[in-house]
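In the two assemblies presented below, chain A is common to both, partnered first by chain B and then by chain C.
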Partner chain A sequence: MNCESQKLLKEISILDFAVTEITLFLDTHPCNQEAMRYFTYYNRLKKDKMKEYADMYGPLTLAFAQQTGNDFLWTTQPWPWEGGME
Partner chain B sequence: MKEFFSEYQLLNQLPLGMAYVPLQEFTHLYENLEEAFCKGTLFKDLYKPFSGRRCVR
Partner chain C sequence: MWDYEKRLQYPVNIKTPNARLAQYIISQYGGPDGELGASMRYLSQRYASPYREVSALLTDIGTEELSHFEMVGTIVHQLTRNLSMEEIERSGFGPYYIDHTIGIWPQAAGGVPFNACEFQSKGDIITDLHENLAAEQKARTTYDNILRVIDDPDVADPIRFLREREIVHFQRFGEGLRRVQEDLDPKNFYMYNPGFDRCPK
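Moving on, here comes the complex of A and B:
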């Protein structure tokens, strides 16, 4: 796993954290428009980054698994315990 | 002593024996998301690191 993928993975983790935090706020403030805009913006950004990661290094989640070439990368790419994330 | 209780005027309409948490406002968010990530919260008002001794304002 090279520096570039590590950097992208960190960006995704930070975005995922922001989305999770704002979701928790929306749990108790479901009508807060500003919070909803915040959620929509960062959730879109997170998905874009995850798509970018999937295109370059393979899918992080099944939602981003897609046919690339002949094999199903979700299955054939190294698993985390096989050094897939290091 | 009287003045001390005046600010609790509203509270005495609420049932006893219950805990009340003030409603959080959507304010004071960390602009830098990496900072929020390291501090474990998006909201500055919720950043309360343990200081290893009695709470000090």
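Moving on, here comes the complex of A and C:
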């Protein structure tokens, strides 16, 4: 995990948080046009960043997993709970 | 069905192990007001909801709770990494260690195993939504209790995030309940099950 991949992962987490929040709001306000525009905008940004991350560092979901080199990166890359090691 | 994203909802990077805190925080993994019970509660209640908006809320919050379950598991895992036998014994983590080494297992802080009786799925959307409002408040209280005994900012930061999510979920469930109440038959003054007792006798 290098600094640049951490930065990109943080951007994804921020975008995903916006998507999660607006989704819960839309669950109870399904006709709110402004919320729908917000959802569409941030959901697309998140998807683009997920693709960018997969191309550079490996997939975050199986939907973005692809053949690169000899390893299946989904399997060989660190798991999310491995953070915090010095 | 579900997709797994290989990342935490909010980062957890704990550098210093602390078995005493792990023993407390495991309660939000498998305790009476923990994330496992929260997720199972909402995901189980969805089927009997006669309102699509409420089913959506239960699905999306139930899914988010699974990511909180993973965050709490990560916190406990990182708090119990690289412990000496002396630290394990001194911290009160000994009984857990004997049964699970440092594997993650759903139990309450006091050692009571996770049990489905810690949540309900009553088949009555008004009853269920009231349970959910209480559940979010109980989880928030537990996180407040945990925050009072934490002295490490690496642990407090993700716990504060989880606490805030309880507050947001409480708000959204309140809106869900209002949605159901607005749709009730005005003669159903005491809010009997609007999904099951559709035809008054």
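We take it that the second predicted complex is superposed on the first by the 75 of 86 C-alpha atoms of A that agree within 3 Å, B and C clash if a C-alpha of one lies under 4 Å from a C-alpha of the other, contacts with A are read in each partner's own complex, and residues count from 1 in each chain.
The criterion applied here is as follows: a residue touches a chain if its C-beta (ideal position, glycine included) is under 8 Å from a C-beta of that chain, and two chains touch if they have at least 3 such contacts.
The model shown is predicted, which means the values in this text are computed figures rather than measured ones.
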| item | value |
| --- | --- |
| Which of chain B and chain C A:83 touches, first, second, both or neither | second |
| More chain A residues in contact - chain B or chain C | C |
| First, second, both or neither for A:63, with chain B first and chain C second | second |
| Which of chain B and chain C A:12 touches, first, second, both or neither | second |
| Chain B versus chain C as contact partner of A:22, first or second or both or neither | first |
| Chain B versus chain C as contact partner of A:35, first or second or both or neither | first |
| Doubly contacted chain A residues - partners chain C and chain B | 13, 17, 21, 25, 28-29 |
| Residue ranges of chain A touching chain B (in the complex, touch as defined) | 13-15, 17-18, 21-22, 25, 28-29, 32, 34-35, 38 |
| In the complex, chain C residues that touch chain A | 3-15, 53, 56-57, 60-61, 64, 70, 73-74, 77-78, 81, 154, 168-169, 172, 175-176, 179 |
| In the complex, chain A residues that touch chain C | 9-10, 12-13, 16-17, 20-21, 23-25, 27-30, 59-63, 74, 77, 79-81, 83-86 |
| Touch list for chain B against partner chain A, complex | 23-24, 26, 29, 33-34, 36-37, 41-43 |
